[in-house]
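Sharing a structure with you now.
For clarity, chains are labelled A, B and C in written order, and residue numbers in each chain start from 1.
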Amino acid sequence: MSQALPATIVATHLKRLRRTSPLTHVITNDVVTGFTANVLLALGAAPAMITAPEEAGAFAAMSSALSLNVGTLTSTQAATIRIAVQAANQAKTPWVLDPVAVGVLPYRTELCRELLKLHPTVIRGNASEIMALAGHATAGKGVDSADQSDQAIGAAQILANNCGAIVAVTGEIDYITDGARVVHVKAGDPLMTRVTGTGCALSSVVAAFVAGCEEKARLDAVASACAVMAIAGQRAAAQAKGPGSFVPLFLDKLYQLDAVTLAEALA
Amino acid sequence: MSQALPATIVATHLKRLRRTSPLTHVITNDVVTGFTANVLLALGAAPAMITAPEEAGAFAAMSSALSLNVGTLTSTQAATIRIAVQAANQAKTPWVLDPVAVGVLPYRTELCRELLKLHPTVIRGNASEIMALAGHATAGKGVDSADQSDQAIGAAQILANNCGAIVAVTGEIDYITDGARVVHVKAGDPLMTRVTGTGCALSSVVAAFVAGCEEKARLDAVASACAVMAIAGQRAAAQAKGPGSFVPLFLDKLYQLDAVTLAEALA
Amino acid sequence: MSQALPATIVATHLKRLRRTSPLTHVITNDVVTGFTANVLLALGAAPAMITAPEEAGAFAAMSSALSLNVGTLTSTQAATIRIAVQAANQAKTPWVLDPVAVGVLPYRTELCRELLKLHPTVIRGNASEIMALAGHATAGKGVDSADQSDQAIGAAQILANNCGAIVAVTGEIDYITDGARVVHVKAGDPLMTRVTGTGCALSSVVAAFVAGCEEKARLDAVASACAVMAIAGQRAAAQAKGPGSFVPLFLDKLYQLDAVTLAEALA
């Protein structure tokens, strides 16, 4: 059984993010860098995409959170990721792993398995990715999930217990777990799948939400990140005429979200 | 003499694309990755930008089409492209070459000449690029064409015959040829040249349209790709106040295109 | 004491840019490539992002201006930058340095100090960056300035005199100096800081404005670039509902700017 997320929890975490404007170190794929930065800025975080092995360690150590996404992995980026994770762990910077298309391509699958052993704070993926990471069979095709998120709840719990991480499996409904408790977020809109980067950007939003968050509140913080993205998406989709008009509306809705709109959406 | 393209042909190919949602492997320049992904998603294709030499072969083989663009070529990308093309040819994945600024810079010109020998399924470029590839003199400056598309029809036919490829030379009017037959598409709007990536994205749309297409229907599929982009562009420009508002309108129009709007535009 | 910038000066430089459509070679960070290209296209310039060491020298030499930004510096990009600068200097192509987060990370700081010795035509940065480059203490955090632009006027003048460059320190108010004269631009809107790349894109707009500009008019050209971006930003923000709707409005306003709107804004 999963629990709903109270709007007051989401509002508290969003308020904290806006007050602290966490410096969020993002190492992500080529396709979504600009969109991800704009999502974080709209919410009130301070993103920086530092990509060189020569700089990633120092920057991960001085950042409030680190977000990793292997969507367009290269060997240089793999080196950068290893350095950033080591520095983050030493500096106790929380970090998020977004294992795009893990299980589909061996090169990134190996790196993701290696990263699992380095204690990610959070893992955020679609159902196929979470099932692949947990060693379950999946029907993933390319970078999209071929499985429903509720099919991956068990895999998410196993993964959370094995890694000591919060695991978020996102889709039509999002499920977030620490291995024991499971929280769900029902919101969003199918139009979000017709725009590139909503899932990737969510992973970086998760990083910004866990920045400076007490360990016991992390599950709520991750679920709150899922909620703000899903609610802004739902509100944008209600006004959009297609995926083109969706994007500016979505960023505006993220910028405008407040306790009232959150309470309405999660009522 | 060139032929007009019937709206029913375009509608058939667009319907097929939406039904099959072809996994389209895109290796393109840094500037247009996000826009290209959004164009493909708006139409209903499933884009993935896999860029590492370690992954590109496996992914090209499992994809329904491959799109290559040398706009921001690097030596690593050249290696990736060679691996992807070899795998695509072995797996019979159709592939599209977009030879950005070929003839202007020797490094990419050499790679493009090498790729011509590997039997691209389609070549899509502006007039200066197609003329340069065919060995004709051009007036190209930077990445823009300095020649009109009708000046390049002869070069396009020679190139098509030499390579066994469909060649599309795009501009104010688009001409698409298999060496013998020439089809034209008259639509679009000058505002499309004030937005980055409309040509680059078209090449990836061409890839998605030739995915799973019978060889004898490929010329029509390529022309249909040109038509949907030009018609959506024309419809967006009619409502836009400038290149900024053009982009969301353009993606919405791609998403909304149907047999009725195609018939109106090509009447 | 700083001087205001007359609208007629801005209009003259904008008109020249639109008439000549300068080929602008941009080597910038991964996050802002698409946005930067769209800003330059909206204004009427011809951007091209050529990134390989194999191509950057030839392209810098044939371009009308070169714009360099170290926001996501890598070792390959550092090599490209060195080659491009050498070629630009030989061909007398003016070039702009945007020293993102200089002083925060040693790797880019070393490169920026090396580039200072190679006679940049213009340096454009926020207060923390300009102060760091001039060797002053700063409070910079990540990629954002923690200092006000007027605190950096002295540093900007020292830097301008040491390098023989025009220096623009931008923020709530922009200050542009050749070491002696200081011009200010008061416009813009805080919403511009909630969108990624407005500062980075400005540096490339500065490059397009100094392209083909006589040396004695360069300070005015740089200030004019700052003015068009600030005025378009102010006009977009007046209509925007958030950072999402700001972006298309901003590009439309850049496209629409004319002598009348400039005169209104700078009255």
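Quick note on the criterion: contacts are C-beta pairs under 8 Å (C-beta built on N, C-alpha and C of every residue); 3 or more make two chains touch, one makes a residue touch a chain.
Keep in mind it's a predicted model, so treat the numbers as computed, not measured.
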Chain contact graph, described as a line, ring, star, complete graph or other shape: complete
Proportion of interface numbers common to chain B and chain C (over half same, under half different): different
Intercentroid distance (Cα basis), chain C paired with chain B, Å: 33
Set of chain B residues in contact with two or more other chains: 30, 33-34, 247-248
In the complex, chain B residues that touch chain A: 23, 30, 33-34, 37-38, 41-42, 46-52, 54-55, 58-59, 63, 76, 247-256
Residues of chain A that touch chain B when the two form their complex: 29-35, 71-75, 101, 105-108, 141-144, 193-197, 240-245, 247-248
